[in-house]
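What follows is a set of structures for review.
Two complexes are shown next, each including chain A; its partner changes from chain B in the first to chain C in the second.
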Partner chain A sequence: MNIFIELLLAVMLISVVLAIPGNYLVLRGNTMTSYALSHSILFGIMIAFLIVGDLDSPLLLLGAALTGLLIVWAVENLSTLRHVNIDAALGLIYLFIFALGIMLVSLFASGTTISVTSVVTGNIALIPFDRWIFSGTDMGPVLLWQTLAVFVLSSGFLFLFRKEMKLITFDPEFASLMGYNPFFFRMIFMSIVSITVVTVFRAAGVILVVGLMIIPPASARLISNNLGTMILTSIVISLFSGVLGFMIAWRLKNVEIASMVIVVNAIVFIFAFFYHSSLKNGKEKV
Partner chain B sequence: MIWEIFGISYTLAIVLLGSAIVGLMTGVLSVFFVLEKKSVMGDTIAHSSLPGVVVAFLLFLEKSQLTFAIGALISGFLAIIFVQTISRRTVLKEDVAIGVTLSIFFGVGVALLTYVQSLPLAAQAGLINYIFGNVAFLLKRDLYLLAAVTVFDLFVIISFWKEYKLIMFDRAYAEIIGLPVDKLDFLLTIAISVTIVVGIQIIGVVMIAGMLIAPAVGARQWTNSYRRMILISASIGVMSGVLGTLISANITDIPPGPAIIVFATSIAFISILFGYRHGTLVNWVHTHLTHRKIDHRKVMMEFLKSTNALDKSEGLTRLEFSLREYPRLNKEIINNLARCGYCKWLTDEKCAMTLRGVEIAKDFTVENSGSAEMVE
Partner chain C sequence: MTHIINVQNLTVAYREVPALWDVSFSIQKGSMTAIVGTNGAGKSTLMKTMLNLIQPVRGEITIMGESYDRIKEKYKKIAYVPQREAVDWNFPINCLDVVLMGRYGHIGLLKRPGKKDRDLAMEALKRFGMEYYHDRQIDELSGGQKQRVFLARAYVQDADLLFLDEPFGGVDAKTEQMTLELLQEEKKRGRTILVVTHDLHSLKKYFDMVLLLKTKLIASGQPDEVMTPENLTEAYGGMMHMDLRG
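Right, the complex of A and B next:
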C-alpha cells in the first residue's frame, strides 16, 4: 500500500469510529462532557508516560481512559455543590487538567512525537511512519489496526446493547424503572468514548476530535428523525467529509488534514441546517 | 526605575504589567459570567477568535494587536450568532450547538493557521503562539491597547454598577421596572469580548476561558457581597496572572497560558474546599453542628414526654435509654447533655433529666409548636 491509500483509509476509519458514538452524545446533549474528556486525557497519557517511559505502551491508553472517567465523575460531583453550577465546574476541571497536561508535555515530551502544537492541531500525516511489523512482515500502520480494533469494540457494544442504549438515551428514568442501570451503561459508554479519543487524538488533536465526533451526527440529526437512519446518515456524512477533506488537504499539501475534514463537515452542516429550516417552514405553511 | 528594585528586567516588567492587567479585567468580568451562568460562552468566544486572528493576519500581513483584536472580535460575534441561530431554529440542544460551533470555528482556524505557516513569510512566525499564549512578543505599545480596554471595561462596570447588580440578582424585576436589560447585556458582551481578544495574546485562545470562570468561582466561596466578590475575583485574577507569567518567564518551555490557568483553577479549588462562606469544609462543619443541635433537642423533647415519671424529691425524671428508633441519638448525645447539666446518668441504660433540663426542653417545645398549651 502506498502512503496515499494508507492515509485515506486512516482518515475514513477515524471519521467513522468517532461519528458513531457521537450520535448518542448529540442526542443526550452532553457534548461538552466529551469536550472535557478529550482535553483531560493528555494529562493521563503524560503521567503514564512518565511512569512507563514509553510512548507506545498500552498502559498509556489505560491511564488516559481512567483520567477520562475520573473527569466525568468529578464534573458530576462538583456540580452538586451549591454555588458552583455545572458549566463552571466543567470548565474549571477540564482546563485545570488540560493546563497541567500541557505543562507536562512542554517539560518532558521533547524528543517524542507529542508536542504542544500537535496536541491541538493533530498530525495525521505521521500515521504511515509508525508501522506494525508482525513476524517479519509489514502489516501497515499501527494506528490503522488500533483504530480498527476500537471500531470493532465500540460498534460491537453499541450493536449488542442498541435497545438499552436507545432507552437510556431517550428516557433514562423509564430505563431505570425497567431495571436497567443508566449509570452503569453511561460509564461503559463513556469509557468507550475515552478509549476512542485516546486512540485517535494523536492524529486529530484534542479539540478537533470533538468536532469529528459531533458535527456529522449533528448534521444527521437535522435531516433524520429516527435513530437508525441518523446513525447511518452520520456515517455517510463522515465518510464523505473525510474523503473530500483529505483530498483537498492532500492537494494543498500544507493544511492539517483533520482541520480540513472539519471545514468540509462545517459546509455539510450548513447545508443540513438550511434543509432543516426549509422543511420546518414548509410544514408550518401547510 | 522601579522594576530595578525588584531585580527584574524591563521586558519582564512590561510583561508582568500586561498579565496583571489582563488578570484584573478577566477577574472582574468573570463575576458577571459566573453569576449569569454563561461560562460556556467564554469558551465559545475564545476558541472562535482563532480564525479571526489568522484572517486579520492574511489581510494585512503584519502582526498588529489592533487588527488581530478586531478580527477576533468579529469572528467571536459570528460564533455567538451561530450558536443562537442553531439552538433557536433547530432541534439541536444548546449544548450541541455550542460544541458544533466551537469545533467548526476552531477547525477553520487551525486549517487557516497551518496554511499560513506554510507560506514563505517571515512575519507568520509566532502566530501559533495565539493558541497557548506568549509573553515574549508583548511590547510597550501593546500595553496602550490593554490600558484602553481596561478603561472601557471599568467605565462600563462602574457607571452601570447598580443596574448590573440588579440584573445579576433579579433579572425579571429589572425588566419589570423598565431597565434596558437587553442593551445592558449587549454592552457587557462587548466588554467581555474585547477583554478576551486582548487577553489571548498572553493567555491564548484555549486557556482564556478558564480566566473567565476560575476567579469568580473562587471569589464566590468567600463572600455573599457583590462588591467584595468583584474585588476578591480581581485579586485572584491579578495573582494568577503575575505568578503564571513568572513561572513561564523562568521555565521557558512552559507557555504562560497553562501556567496562569493552573494557578487560577488551583485557587478556585482551594476556595471551594476552605472558602469562608460557602467552602465545602465550612459547610460541612456548619451542617454537622446544626445536626448535633437538632439531635440534642430531639432527645430533650423525648425526655419531656416522660415527665409523668417526675421524681420531685430528687428533681430528676427517669427515661430508659431505649432510643434505638432514632439512629442519630446515642450515648454521646446524652453525655453532651449531661455535661451541660440537663440530665444525669443513673445506670448504663438509664438516664434522667434535671429540672433545669425540663425548663429548657419546654422552651424548645414552645419554639417548635408555637403554642404553650402543648407544654402543659
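Right, the complex of A and C next:
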C-alpha cells in the first residue's frame, strides 16, 4: 500500500468510527460530552506519562481512557442534579482539565512529540510512519488496525443493542420500567465513545474528533426521519466529506487534512439545512 | 375486596424539601383512581415513586403484595404514560415505532419485534383512532394525537395496572372524553387505573376514588367524600370557586 491509499483509508475509517456513536450524542443533546472527552485526554496522557516515564507506553492510552471515563461519570452525575446548568458545568470542567493538561505538557514534555498544536489539530499525515510489524511482515499503519478494532467493537455493540439504545435514548424512564437499565447501557455506550476518542485522537486531534462526532449526525438528522436511516446517512455524509476533504488537502499540499475535512462537512451541513427548510416550507404551504 | 396497591407512611424529599409527607392509602383492584392537587402538590412525585423512578426517604409501597423491585416482569403488570414533557419529541421516530416500544418488555434483550408485535401495535393504534398516522413522525402530531400514541403504547403492554401522568394536559375536550371512555373499558376488563389530573369536573362521573394531595394526603375516598368545600380549600387555598356539582 502506498501512503496515499493508507491515509485515505485512515480518513475513511476515522470518519465512520466517530460519526456512528455521534448520532446518539446529537439525539440526546449530549454533544458537549465529546468536547469534554477530547479535551480531557491530554491530561490523562500526561498523568500516565508522569507515572510511567515513557511516551511510547501503551499505558498512556489506558490513562487517557480512564480519564475519559472519569469525565463521563462526572457528566452523568451532573446531569442528574437539578438546578445545575449542565452546559456551564461541563464547559468549566473540560476547560479546567484541558488547561491542566497544557500546563503539564509545557512543564514536563517540552521537546517531545506531544505538543498543544498536535492535540488540537492532530496529525493525520503522520499515520503511515507508525507501522505494525507482525513476525517480520509489514502489516501497515498501527492506527489503521486499532481504528478498525474500535469500529468492530462500537458498531457491533450499537447494532446488537439497537433496540435497547433507541429506547433508552428516546424515553429512559420507560426503558427502566421495561426492565432495561438506562444507566447501564449509557455507561457502556460512553465507555465505547471514550475508547473511540482515545484511539483516533493522536491522528485526529480535538477539531476532527468533535467535528466528526457532531456535524455528520446533525446533517443526517435534518434529512432523515428514523434512527436507522439517520445513522446510515451520517455514515455516507461522513465518508463523502472525509474523502473529498482529504483529496482537496492532498492536492493543495499545505493544507491541514483535519481542517479541510471539517470545512467540507460544514458545507454539507449547510446544504442539508437548506434542503430541510425547503421541505418544511413545502409542507406548510400544503 | 383486594388491595392491589398499598402505600404506607410514604415521605419523599428533593434536597431536604419534602415533596410528599407521610402519605398512606390503598387502592382496590379494578378501580379507577384520580390523583389531584395543585402544581407542586406531589402528584407526579407520588406516581414516579410508586414506579420506583424516585427513591423515597421513608415508607413502604407494595404492589400486588410485593415491593416494586421484587416484582418480576413489571412490563406485564404496570404500564405508564408519562407527562408529555418527559419525552424528546424531536427524536426521529414514527408512531408505530413508539407503540412497538410497549412490546419491548415482552420481546427481551437482543431480540427484534416480530410480525405479531407489529400487528398488535397497529391494532392498538386503530383502537385509539391513530392507524392512519402510523408512519407519521411524532413531532408532526398535535397534543391530543401524541397522547393517543402513548395510550396505544401502554395498551400493547397488556399490563394489569395503568399509570397516567396528566394525560389531559393541553388535550382537546374530545380526546379527553374519548380517553376516559377507553379507560372505563380497560377498567371493566379488570385493570386498575391511576390518573394524575387537573380536571375536577370528570371525577364524579368516571372515578371510583380520589387522592387529594398537598404534600400531605388531605383526603382519600370516593369523589363525593373527598371533594368537599373544606378539603378543596385546604388543597387549593382560597382559589377554588368552581361549581363541582356538575
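As a convention for this text, the second predicted complex is superposed on the first by the 271 of 286 C-alpha atoms of A that agree within 3 Å, B and C clash if a C-alpha of one lies under 4 Å from a C-alpha of the other, contacts with A are read in each partner's own complex, and residues count from 1 in each chain.
Going forward, a contact is a pair of C-beta atoms (placed from the backbone, for glycine too) under 8 Å apart; a residue touches a chain by one contact, two chains touch by 3 or more.
Predicted model, so just to flag it, every value in this text is computed and none were measured.
In this overlay on chain A, chain B fits alongside chain C without clashing.
In the superposed model, A:Met12 makes contact with neither chain B nor chain C.
By the touch criterion stated above, A:Asp171 is placed in contact with chain C alone, chain B being left untouched.
Of the two partner chains placed by the overlay, only chain C lies in contact with A:Leu160; chain B stays clear of it. When the shared chain is aligned, no partner comes close enough to touch A:Leu244: not chain B, not chain C. A count of residues in chain A touched by chain B and by chain C gives the higher number to B.
Vertex at the C-alpha centre of chain A, arms toward the centres of chain B and chain C: the angle is 70 degrees, rounded to a multiple of 10. With both structures placed on the common chain, the touch criterion links A:Arg221 to chain B and to chain C.
Once the two complexes are laid over each other on the shared chain, residue contacts for A:Tyr180 go to chain C alone; chain B is not touched. Residue contacts after overlaying the shared chain place A:Leu66 against neither chain B nor chain C. Of the two partner chains placed by the overlay, only chain B lies in contact with A:Ile102; chain C stays clear of it. Overlay on chain A (Cα): least separation between chain B and chain C is 6 Å.
The interface of chain A with chain B overlaps its interface with chain C at residues 82, 221.
On chain C, the positions that touch chain A within their shared complex are 14-15, 48, 51, 53, 73-75, 78, 80, 82, 86-88, 91-94, 97-98, 101, 104-105, 107, 109-113, 137.
Against chain C, in their complex, chain A makes its touches with residues 27-28, 82, 160-161, 163-164, 166-167, 169-171, 173-174, 176-180, 221, 224-227, 229-230. Within the complex, the chain A residues that touch chain B are 26, 29-32, 34-35, 78, 81-85, 87-88, 91-92, 95-96, 98-100, 102-103, 106-107, 110, 116-117, 120-121, 205, 207-208, 210-211, 214-215, 218, 221-222, 252-256, 258-263, 265-266, 269, 273, 276-277, 280. Interface residues of chain B facing chain A in the complex, by the touch rule stated above, are 34, 37-40, 42-43, 47, 86, 89-96, 98-100, 102-104, 106-111, 113-115, 117-118, 128, 131-132, 206-207, 209-210, 213-214, 217, 220-221, 251, 253-255, 257-259, 261-262, 265-266, 268-269, 272, 278, 280, 283.
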